[in-house]
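Pasting the structures in now, so scroll down.
Both complexes shown next keep subunit A, but they swap its partner, so subunit B is in the first and subunit C is in the second.
Let's look at the complex of A and B:
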């Protein structure tokens, strides 16, 4: 298990570096896809099979396909000729530090002890993977789920409105 | 996970891959023969008795063909694309239980009739196919050709659109079976196949499945009259064969899932045949439907294809899902 985790973690780091390292945008996007696949594999190793499937279907299969679509259609080879502005490095460093502090605070406060929680493989296995997520989403987290779905509905209606206005 | 489990899985995977590749080879012959008979001609009959060695001859020909590559291609992605397609197609078969109930007892071991009996079941198939889109899209992108790019765009848009209808058309099955695990779904059909209560869902699945595999009459990505050969225009030799292979294996898998989810998998109406043969028979019948449609229907126009997917199939499958849910809850004595 530790060896598997080490391999996936190394994969995550390499692909994450690829997201910002490659010079051609399509490779950046594909690195992000590879990164999300690694994340999905991590879910799988944590016995969260449903999250694995959802991660691959939603992020790698739908969201990133659209990114790759747009990159391929915009012909970004020409966009690369835009000169770099000098301030990028500064802002990158600032946000990098902010995120590092946030992560450190999270680790410090939550105290990752490595102790198993209530959702052990046995507990999940008794109910079923999909069922566990479903019960959690539709009982304990029902309100956030409904709010999110309304938000998505608003976004969809807004997108349709914008598209229709252009046609008229 | 013990060594035994790993070895068992590897052996099963090797057998399934071998069977799928053989199935692919003979599916091409099956398609050519059936289509030929429908068009009043004999079909391939020169190589071996009844043309049975035709797939081998085709394979050899493709293998020894010189493989030309387009100029200005993205070399890495050009080579990667067919591999993604084939791997995604092969991997999705892992969840298909070929027979049951119970296990195959061999050399003192109890071996399941599947590679994995995952709780997520069909979701595995959707995860893997949604990744297969990349194979097609990258092939079009990396080929540096207008035809390939247009074919890839059409194909990705089509696959993403129809995946929703495909997924939603299976939700009534999950509601009835109370599980997404393939084995549970088949066991729930011991008395009644799900095609009887869920006939509309079966048709929705069939149509969406044909679109999802880019087959006629929804084979817009490869429309010869407009796009030469769509996303694989610039591929030749074995690399072309890999795309071909992925398409046919996907047909086999969509048919297998239909056979399991709607047609009762390994259960037969009379106990004449053992389980695997019933399963095989159902898959072959569904593949025949594929070929039949291709020989019968003309290709759809692209905007109609999209309208069909979004304005007909998607609402219908949503409605089907709601009706099934209401009926099931009502039958259980109200919520």
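Let's look at the complex of A and C:
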């Protein structure tokens, strides 16, 4: 378990570095696909099988296919920021390391202090992961689900409107 | 559970920071969007870890909602990027300052 976690964590860090480091956008996109698949493995290690499936289908499937399509359509030039202005990378790294250290120290010291609930892996396993989450989604979290569905509708309408309209 | 909870949370924090660095440093709007996705993914990891180690379903449900919101955000954002590109402007967030005038 620990060894598996270490391997996947290293994979996540390397692919995340690829997302922000590669100059060509298609390499960034492919690194992000690898990153999301690694994250799906982490979800599986955290006993969240439903999130694993949603991550693979929605993120690594739909969203990243959209990204790759748009990159193939627009053929954007590679980012010039590495050569032309190096200072922003230096400052980004410096403040990023400071922020990461602060965040990691906070998370290490505080940890998870909430009151444990009743959904132990055994309790979820007795009913089934997807069934448990489905029951929670449509009873206790009904209002957030409805709001999110309205948001999806608005996004679809907005995308169609933007696609029809031609700005100068 | 051999892996303690804070390792997942610290990995999530580091991934979030890397996404934030990319968001601030990169200038291609598509890559900026990918960095936003990286940050959302990191938050999802923290939610899932919370859910597992506190024996609660809230984290999983919220991570699911975050995935949905991210999909909506990507749809609208990419539509805007395509429109900007069709208007013949540069793919560079530093050059897109029309709203400033």
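Everything below uses one rule, namely that the second predicted complex is superposed on the first by the 121 of 168 C-alpha atoms of A that agree within 3 Å, B and C clash if a C-alpha of one lies under 4 Å from a C-alpha of the other, contacts with A are read in each partner's own complex, and residues count from 1 in each chain.
Following the convention adopted for this analysis, a contact is a pair of C-beta atoms (placed from the backbone, for glycine too) under 8 Å apart; a residue touches a chain by one contact, two chains touch by 3 or more.
Everything numeric here is computed off the predicted structure, so don't read it as measured data.
Visitor: Per the contact definition in the header, classify A:142: touching subunit B only (first), subunit C only (second), both, or neither.
Guide: Neither: A:142 stays clear of subunit B and subunit C.
Visitor: Tell me the contact category for A:50 with respect to subunit B and subunit C: first, second, both or neither.
Guide: After superposing on A, A:50 lies in contact with both subunit B and subunit C.
Visitor: Figure out whether A:7 sits in contact with subunit B (first) or subunit C (second), or with both, or with neither.
Guide: Neither partner.
Visitor: Let me test your reading of the model: by the given contact rule, A:158 touches which partner, first (subunit B), second (subunit C), both or neither?
Guide: Only subunit C; A:158 stays clear of subunit B.
Visitor: After the superposition on A, what does A:96 contact: first (subunit B), second (subunit C), both or neither?
Guide: A:96 sits against subunit C, while subunit B stays out of touch.
Visitor: For A:126, using the defined touch cut-off, is the partner it touches subunit B, subunit C, both, or neither? Pick first, second, both or neither.
Guide: neither
Visitor: In the superposed arrangement, does A:60 touch subunit B (first), subunit C (second), both or neither?
Guide: First partner only.
Visitor: In the superposed arrangement, does subunit B or subunit C reach more residues of subunit A?
Guide: Here the partner covering more residues of subunit A is C.
Visitor: For subunit A, what residues appear in both contact lists, the one with subunit B and the one with subunit C?
Guide: Residues common to the subunit A contacts of subunit C and of subunit B are 50, 54, 62, 73, listed in rising order.
Visitor: What residues of subunit A sit close enough to touch subunit B in their complex?
Guide: 26, 30, 33, 37, 40, 49-50, 52-54, 56-57, 60-62, 65, 68-69, 72-73, 128-130
Visitor: Of all residues in subunit A, which touch subunit C in the complex?
Guide: So the residues of subunit A touching subunit C come out as 1-2, 5, 9, 12-13, 16-17, 19-20, 25, 28-29, 32, 35-36, 39, 42-43, 45-48, 50-51, 54-55, 58-59, 62-63, 66-67, 70-71, 73-74, 76-77, 79-81, 88-89, 92-93, 96, 99-100, 103-104, 107-108, 111-112, 114-121, 123, 132-133, 136-137, 141, 144-145, 148, 151-152, 154-156, 158-159, 162-163, 165-168.
Visitor: In their complex, what parts of subunit C are in touch with subunit A?
Guide: Contact set of subunit C toward subunit A: 1-3, 5-22, 24-28, 30-31, 33-35, 37-38, 41, 44-45, 48-58, 60-61, 63-65, 67-76, 78-83, 85-87, 91.
Visitor: Note which residues of subunit B are touching subunit A in the complex, please.
Guide: Subunit B reaches subunit A through residues 74, 77, 118-120, 123-124, 126-128, 130-131, 133-134, 137-138, 141, 149, 153, 156, 160, 163, 179-181.
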